[in-house]
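You will see two complexes here that share chain A, one where it goes with chain B and one where it goes with chain C.
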Partner chain A sequence: MGNQVAILLRKAPYGSVYTAEGFRTIMGIAVFEMDICVVCVDDGVYALVKGQNPAKLDIKPLGDGFPALAEFGVQSFYVHDEALARRGLTADDLVVPVQVASSSQIARILEESGKVLPF
Partner chain B sequence: MKIGVMILEGPYQHQAVDSAYHFVRAALARGHEIVGIFLYTDAVNNANKFINPPGERNIAKQLDELGAQGIEIVACTACSKFRGMRPDLKVEHTRLSGLGSLADYLKAADRFVTFGD
Partner chain C sequence: MMLYTVNKSPFSTNHLESALRIAPTGAPILLYEDGVYAAARGTQVVALVQSALADHPIYALEADLEARGIHMVLEGIQVINYDGFVQLVEKQDVAPWL
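And then the complex of A and B:
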């Protein structure tokens, strides 16, 4: 197993705090020079969608923060192909360059990551 | 084996903290080392010393007992602020700290286990 930490985003960016805290965890541990990748499955793919506007919920948009993660050395984003397709999305709809990955590829990434933090 | 633990849910609403408690006890019984327990998001509420469930298991006391055995239990500082969980409300053998503690546990552990929804 590698020393990579996979942040697994499974849930929609609004409706629960999981995705926001997943993002905060990336920021919080990246400064300690950890090797981090972000894996989006299920509704977690919505975290990366462009043009999020949750102003009516009185909370800040989450998607805007992901491009800035490159400054912390976090540049590996994997997105489940089926999760994207089922939601009528493509990689072009997302705020960062991603690697679109099949179920078996996602499984392998998670397996090869030494630690997986599911949010 | 060195094991790190993170909990993401509060007391009684979800099984997460109960599962974590039993997991940690079982791991210790088998001779494993727990490098730390990180209470994140609503899980900070599990450390509230005023938890007082009539006739039921006391989750805060269970955590406190683990802490008294020397296991480091840290509640996320920012999450505690969001939830009004002041340091003086916590059971004795827990403390507040930031995501640096989580990073420490991730680095120190051979395996890392998250209990959440």
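And then the complex of A and C:
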């Protein structure tokens, strides 16, 4: 069990409050300079998709926030390969550089982190 | 003929599949909120949606597509704005597949 916190995003960004709350939690943890990584599985990969424009929903674009996290030392993004493939997406469609990971790699990242916060 | 509305992702729920199983031929389907992910190109539900397009008019709400970064929808899907949404709901009763 490590000292890293893994933020596990599994839901699409605007249909519920989970992604926004996950992002707030990342910010909250990052300012304490704790080691943190973001793991996107299932619809969580949609949080990182480029070109989000929720102006007509009167919401701020969630995707835009992720690149700025580098300033707070959050640079580890892992994305499930099968989740991308099912949705017709590749790493090029995402707002930050990510490490595309297999199911077993995702499991290992979670295990090595030790602390998993699910959103 | 009722309007079937689907607002959940086809990848995390069976709502779209379920609605399509029940909706009679010709019944219009409206995708909104996370339901619009079904309208995107190149996904694993393209075959499901394309076969549905043979039997149903399918609409997707523009504001929800834009929010999610979906700029190209599958051919045959009609993109509508909020006025179009209201017109559809006025025209027929709604079967919300929540």
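A few notes on this one:
Operating definition for what follows: the second predicted complex is superposed on the first by the 119 of 119 C-alpha atoms of A that agree within 3 Å, B and C clash if a C-alpha of one lies under 4 Å from a C-alpha of the other, contacts with A are read in each partner's own complex, and residues count from 1 in each chain.
As a convention for this text, contacts are C-beta pairs under 8 Å (C-beta built on N, C-alpha and C of every residue); 3 or more make two chains touch, one makes a residue touch a chain.
Owing to the predicted nature of the structure, the values given are computational and were not obtained by experimental measurement.
In the superposed pair of complexes, A:Glu21 makes contact with chain B only, with no contact to chain C.
Contact with chain B, but none with chain C, is seen for A:Ile29 once the two complexes are overlaid on the shared chain. Touch counts on chain A: comparing chain C and chain B, the chain ahead is C.
When the two complexes are overlaid on their common chain A, residue A:Pro13 makes contact with chain C while staying clear of chain B. Look at A:Lys115: by the touch rule set out above, it reaches chain B but stays clear of chain C. Shared contact residues of chain A with chain B and chain C: none. Listed in rising order, the residues of chain A touching chain B in the complex are 5, 16-18, 21, 24-25, 27-29, 32, 34, 115-119. By the touch criterion stated above, chain C contacts chain A in their complex at residues 7-9, 11-12, 33-34, 37, 40-44, 46, 62-64, 66-69, 71.
Only residues 4, 6, 8, 40-41, 78, 98-100, 102-104, 106-107, 109, 111-112, 114, 116-117 of chain B touch chain A when the two sit together in their complex.
Residues 10-15, 42-43, 46, 49-57, 59, 61, 63, 85-89 of chain A are the ones that touch chain C when the two sit in their complex.
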